[in-house]
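Below are two complexes that have chain A in common, paired first with chain B and then with chain C.
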Partner chain A sequence: MTAERPILPYLMIAPSLCLALAIVVWPIVELSEIASHSVNRFGQLRDFVGLANFEALWNDPNFIASLWRTLVWTVCVVGGALLTAIPVSLVLNEDFHGRGLARVLVMLPWAVSLTMTAIVWRWALSGESGMLNSALMGMGIIGTNIQWLAEASTAFPMQIFIAVIVTVPFTVTILLGGLSAIPDDLYEAAALEGAGRWTMFRTITLPLLKPFLNIAMILNTIYVFNSFPIIWATTQGGPANSTDILVTYLYKMGFRLGKLGEASAVSLVMFAILLVFTLVYVRLSMRREA
Partner chain B sequence: MRIASHWAQRTVRVALSGVALLALSAAAEAGTVRVTVAEYSAKTGPYFEKVAKDFETANPGTDIQIEVVPWDSLQQKLTTDISAGTNADLSIIGTRWLLDFVSQGIAEPLDGYMDQAFKDRFISTFLTPSVMDDKTYGLPIAASARAMYYNKDLFQKAGVANPPKTWAELEDAAKKISALGDGVYGFGLQGKEIETDVYYYYAMWSHGAEIVEDGKSGLSSAGAAEAAKLYKRLIDEKATQPGVTSYSREDTQNLFKQGKLGMVITAPFLSNQIRDEAPKLQYGVTGIPAGPKGDKGTYGVTDSIIMFQNSKNKDEAFKFLDFLFQTPQRVAFTVNEGFLPVEKEEAQDKHFTDSADLKVFTSLLPDARFAPVIPGWEEIADLTSNALQSIYLGKEEVEPALKAAAEKADAILKQ
Partner chain C sequence: MDGKLKRSLVCWLILLPFVVAGLFPFAVMGITALKPQNEVLNPTWWPSRLAFENFVTMWGATNFGPALLNSLIVSVVSTLAALLVSIPAAYALGRFRFRGQGAFRVFLIITQMLSPIVLVIGLFRLIAWAGLIDNVSAVSLVYGAFNIAFTVWMLQSYFATIPRDLEEAAWMEGASRWRTLVSVFLPLAVPAIVVTAIFAFINAWNEFVIALTMLRSQSSYTLPIQIFSLVAGRYTVEWHHVMAATFVATIPVAIAFAWLQRYLVRGLSVGAVK
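What follows is the complex of A and B.
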């Protein structure tokens, strides 16, 4: 029986499978090896230390704080981007004069490098010569300059706000794709039955958009969780590590303090969190659709 | 799975090292010297390309390859190159990293190549940081010290006659300048990113404290607390710009260039920037203020160029170093970048002897201190900056914050 199993299909996917394994598995094996050894700052492995690097992380209050902050960061940015992107994409899906231009305007920020966006915001948020303070002063909303990046209580919400803005274009793109796949006759039929706009949105648009919302949610979560430029360019995780998320913590660990073992451990922890999240989310929300 | 992955890894490693070996042997035949260079400014790359070309003309058969790397990613690039065994023959590094390079056997001692005359070219203050266990592991390629820049117009407007000589005078002058209002502040205080700790050492040294004393952190000493209280008081009295924890070194320099700061402490290259970007600014350069007992200290920094132990072309590499450290090349580099001369003959050039700003910096050199050569220095600097940021923000009191930082630093020093 087994002898008759066709072998050709397996042979045909073998090259891409090998490539995929090499790309996915090799770095993880390499990382695990670094994370389980004591490593000098030039990446040369010394003694095997087992889980000591992970233990060191667990005992570092900055790691735990960064972990929590990463969760807040991801939930707020992904949630904020989705909540903004749904109405924006609904509007852009309507047929109106100048829709093409409006779509281009929404997508345009996507084409700018994230690091550049972050640096421009750093200038805009600058206390004495920043655009934001001048604008708010001009409108009479504030009386004295606000030092946005001096403290986590103003810096971190601002960083989340910037991240939401830069995540919206990509999310809108996905959702517009979903909206254009919904046939118009469904709405016509619903209109004949006397359904209002809100009912149509709730019973037709939202359910049919769900697979696209799921994709946007997963891709954004992975992307935002690992996103480095905004926080690094604005505060480098400071002051006193109070705006660090895991990826900036990792960078400081590895390249500023030269603790490559612990840095590798952080990246394995990040990988594990995202893997678990993705598996659970895919199981819960995508299987049911099929 | 385990075996398979190990096998795969080994194959890849063998393949990689094969490629590296091929590259190296090809290089060895052609007499190639690869040099990793830190990018100080837009002028750095062209300068080194020109020196390389001049050297090649004088020494036919030797090929110099220059790789210019931005400062921010230099450490990252060196780490990656060294771990893969594909590092260059020579590289510029921060002298404070040198200890790691020496203890891991990566830097080659240069004593075998140098004679006394060669060593005598250097101003010894700048050569000594690269000497460890009586061996010279690097040559100072760039050097700078810090002094205080002050805005003469603002001093006049606030009715302050002379630049302050002590921190008490500085406090007084800073308050008067801040009182002018209109977005003008007395003393620029840095509280963010690289060198946040250094900005604090100026005051700390003036109050008689050291970064490391008898193998222990000096942060818990009385002088260190006095210095932190002084800065905190300046912040509370609004004698500094508001929100100091959002100002990096560049940010305070920019504020000074815009004429909004009475005083700021920084390196000689600000003179070059003012000349190019704010030529109308009326400024002077003076020493770092002294403490109550007359102590003072400026921060000296050198970057070194090192030779790698695994270099295959050491003789030719040193020949290039010799060329690089001849007076015409040195003068061109130092003038371009706005650093201090590191060689005696170089220092006699009229570019340096005629510059009033540079004279001030040079006069401070006897008081210059360098970052201590200890393992874990970057980590200690980082936790010092964090403690200071908490103090500046008023999140922690001075003494407990410094004491906690000192304990952590002591633990690192013991390792």
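What follows is the complex of A and C.
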């Protein structure tokens, strides 16, 4: 059917390919060039310096700290979101009164821009006039106001908490798609054999949901790893860089301190990490097709 | 019936903590937006009266109108640009087999993985080289390009559900490929295109990093940047105005989303696993 006009599909994908290439390939070439030169504040390239910018990063304790914090951030947010999304999607897959409403309520945080969510939380978390403190005091959970964003020990866990809340809806969406693909007769047959709910979950639901869990995990890892607005709009990585992750570190380096060479090196390091994730993702989805 | 009632109760109880946490910011936003100015710093849940005038004073004080217009322009233009190039690509992926098809898919996945923040310095230089810093149209184009992976993915998984027989029947009757496309395929694809368009629109509406770096003057700010500029690096923040602005920027999008979210379950999960 397609043999007579083999050019057509290429013509059809060409515009999207060109546009996407332009915004990915050009920046990567630029980044490699900047990262391997010394650059002044105005972005003019000077001498070729090889890997010196990467070395400078390696010697910067803030970079190493941000790298570790990015790991903690990604693992906690992705893990927290999956652990929350599994029970939530199982419940939303049940038939109960008000399910339509429940789905909307669960999905809603997704619709709001992360920037707006983060700004609202920043206000809710403020020490004296924040409504979280007043709510928690009203319920008798805390006795005095907590300055949530003034220290990394409370700010960072709060940022993780906010990120989990906004990551759950997407995860639930993927899992609901997976759950709806499991045929009911599997459960009926298991029930005839006298299997309990937990056994059914372990032997039917979980194995069949696994590809969807994998996809959710990998896509979330990528989104969370790249997530900028929550931390930027609540603390801008402060106080004293103590809530910086790689993306906020990168932004400060590039646009605050004007260290374009090192910032580009951070970009390339992130690109390399993401590429590994991507390859894992492609491997996983190819294996299922085969 | 009784069994279902009991189950409903249990289900809602399990969901309750998550729903409360998810709705908490909406409550804070709504209540603060409606508090009289002198009560804003007082963290009570019940204002003495509802201060609807906040929405009126906010409009002037926050430069809301121009930012709203910029957000609309950026979102509409980028959505149209993404659709224009994605519809043929999704059609080609779904209806043809060609060399490089797999490579094209992998390439799209890679662009999906690279969020703008990773490339932001390179993008900034690209835009600066073209002399388009502070240009709303340039930002639209960048958004459109970053949206392509998502729109192709969604469209393709919806297109796959449109039966091929109808097109084949039209060819049998002698209609050309182009004619079949326009009068048979595209009308069937309209719902899918509309849903995809709305999600692309929301993506662009909510984007932050590109706007933060490329838009430099207040006259070109989009809503997220405008509202961010009201709280970032300021000594005093007019929180009732900020929350009123956030409220107005959020509620229409939230309603559109609430109405459409069920279409996402099919589109995203089918697309993700295929």
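To be clear about the criterion, the second predicted complex is superposed on the first by the 251 of 290 C-alpha atoms of A that agree within 3 Å, B and C clash if a C-alpha of one lies under 4 Å from a C-alpha of the other, contacts with A are read in each partner's own complex, and residues count from 1 in each chain.
In this text, contacts are C-beta pairs under 8 Å (C-beta built on N, C-alpha and C of every residue); 3 or more make two chains touch, one makes a residue touch a chain.
Predicted model, so just to flag it, every value in this text is computed and none were measured.
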{"item": "Partner chain in contact with A:Gln44 - chain B first, chain C second, else both or neither", "value": "first"}
{"item": "First (chain B), second (chain C), both or neither touched by A:Pro239", "value": "first"}
{"item": "Touching partner for A:Glu128 - first (chain B), second (chain C), both, neither", "value": "both"}
{"item": "If touched residues of chain A are counted for chain B and for chain C, the larger one", "value": "C"}
{"item": "First (chain B), second (chain C), both or neither touched by A:Phe201", "value": "neither"}
{"item": "Which superposed partner A:Val88 touches (first chain B, second chain C, both, neither)", "value": "second"}
{"item": "Partner chain in contact with A:Ala22 - chain B first, chain C second, else both or neither", "value": "both"}
{"item": "Which superposed partner A:Tyr187 touches (first chain B, second chain C, both, neither)", "value": "neither"}
{"item": "First (chain B), second (chain C), both or neither touched by A:Phe255", "value": "both"}
{"item": "Partner chain in contact with A:Glu151 - chain B first, chain C second, else both or neither", "value": "first"}
{"item": "Overlapping contact positions on chain A, where the chain C interface meets the chain B interface", "value": "22, 26, 29-30, 43, 128-129, 236, 255, 260"}
{"item": "Partner chain A, residues of chain C touching it in the complex", "value": "4-5, 7-8, 11-12, 14-15, 18-19, 21-29, 31-32, 40-45, 81, 84-86, 88-89, 91-93, 96-98, 100-101, 104, 106-115, 117-123, 125-126, 128, 141-142, 144-146, 148-149, 152, 202, 205-209, 213, 224, 227-228, 231-232, 239, 242-243, 246, 249-250, 253-254, 256-258, 261-262, 264-266, 268-270, 272-273"}
{"item": "In the complex, chain B residues that touch chain A", "value": "5, 8-9, 12, 75-76, 78-80, 82-83, 100, 104, 106, 183, 191-193, 241-247, 251, 255, 258, 260, 378-379, 382, 385-387, 389-390, 392-393, 395"}
{"item": "Residue numbers on chain A that touch chain B, as the complex places them", "value": "22, 25-26, 29-30, 40-44, 126-129, 145, 147-151, 155, 235-236, 238-241, 252, 255-258, 260"}
{"item": "Complex contact set, residues of chain A against chain C", "value": "2, 6, 8-13, 15-17, 19-20, 22-24, 26-31, 34, 43, 84, 87-88, 91-92, 94-99, 102-117, 119-124, 128-135, 138, 161, 165, 168, 170, 173-174, 176-178, 180, 211-212, 215, 219, 222-223, 226, 228-229, 232-233, 236, 247, 250-251, 254-255, 260, 263-264, 267, 270-271, 274-275, 277-278, 281-282, 285, 288"}
